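For clarity, chains are labelled A, B, C, D, E and F in written order, and residue numbers in each chain start from 1.
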């Protein structure tokens, strides 16, 4: 499967914190940057996401703001 | 100014391509990954964005999808 | 590859219209509904998207508004 | 009221699960596909959303990723 | 029709600028602030949007970043 | 720091309600309109957001839907 999203950034899961319905997942990219994703608990279970897993952060180009 | 967005990724502008109303900007992060942002032409002019500029990609946690 | 996005809706590409930087793609879902996606021209080329292709619309739960 | 959002998909509420501040709502479209929306609890109360209600999923074209 | 989106801000259309596929619309809110929306040309035609029209800016709570 | 986001609306924090992982923040704009933002608890702590603070709501043009 290939995605139209321009940003598929490879890394490794550093933490998974579940709330009542929404979880926060931190992915450390190969370059060292850490990306926080807010996803459903259901998605965490469905992907069986755990610390140490290889995973990617997928982001649409239209969701990126540029700061200078 | 501090932002609630969890992801503020520092890098350098690699390219700026303007369309009629929307522009695509590529930012190379310190770690080597490249992020594409789709922003208005107006924003490109307003920030005076040019290849080589130091810039950051700002992304809300709720806009990040995790792939595994 | 599995995605945290809760909505992965299968269908078939009905049309692809490219602008200068941004393209609009219509996908007809199995049930008959048509979903419009606004993606980069670059993505259209990268996925080699054409009318008639099997494709899915991927949408994060946090991007869905409910109307009643 | 008419919306600029290109995607207004009609269906019926299948479930409403509230968290502490955020709720997940599943809408079954006429064609059979199920769409998950993550909205505020406040919105659930304001729309008085309940299982069985007729409701639509509203999605901007720029929030749709295409997978092939 | 009622929307789950927490932000429905009333105002008046100040300008509509169409690109090849994407248009930029400026809405002046009652309080004086101006909001820019990037929508499809198709939506502009569908709503017959013109300068001076009464219109609202609809924004999901999860799409708002807080700066301080 | 300057942002590509076209909408940076100044106001004052009216309320901050934390859930288990996600918080809802209401900002009253100078013109009187109130904007609700859904952000991470982590962001609330990081910005030390409290009722009465001066703060801005930052919104990308592509996240705004027009209703007429």
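Quick note on the criterion: a residue touches a chain if its C-beta (ideal position, glycine included) is under 8 Å from a C-beta of that chain, and two chains touch if they have at least 3 such contacts.
Just so it is clear, the structure is predicted and the values come from calculations on it, not from any experiment.
K.L.:
Could you check which of A-D, B-F or D-E has the same interface as A-F, with more than half of the contact pairs identical by residue number?
P.N.:
Interface equivalent to A-F: A-D.
K.L.:
Validating interface symmetry: for the copies subunit A and subunit B, is the fraction of residue numbers used by both over half? Same or different.
P.N.:
same
K.L.:
Go ahead and note the Å separation of the Cα centroids belonging to subunit D and subunit F.
P.N.:
Going by mean C-alpha positions, subunit D sits 23 Å from subunit F.
K.L.:
When the C-alpha atoms of subunit A and subunit E are each averaged to a single point, how far apart are the two points in Å?
P.N.:
29
K.L.:
Going by the contact rule already set, what residues in subunit C reach two or more other chains?
P.N.:
Expected reply: 1-6, 19-20, 22, 24-25, 36-40, 42-43, 47, 49, 56, 58, 60-63, 65-68.
K.L.:
Under the definition above, what is the set of subunit F residues touching subunit E in their complex?
P.N.:
Those residues of subunit F that touch subunit E are 5-9, 24-25, 27, 29-33, 35-39, 43, 47, 49, 53-68.
K.L.:
With touch defined as at the start, can you tell me which subunit C residues reach subunit E in the complex?
P.N.:
Its residues touching subunit E are 17-20, 22-24, 36, 38, 62-63, 65-68.
K.L.:
Mind listing the subunit E positions that touch subunit D in their complex?
P.N.:
1-6, 25, 37-40, 42-44, 46-47, 49, 56, 58, 61-62
K.L.:
How about subunit B: which of its residues touch subunit E in the complex?
P.N.:
Touch residues, subunit B against subunit E: 1-5, 19-22, 40, 42, 58, 60, 62.
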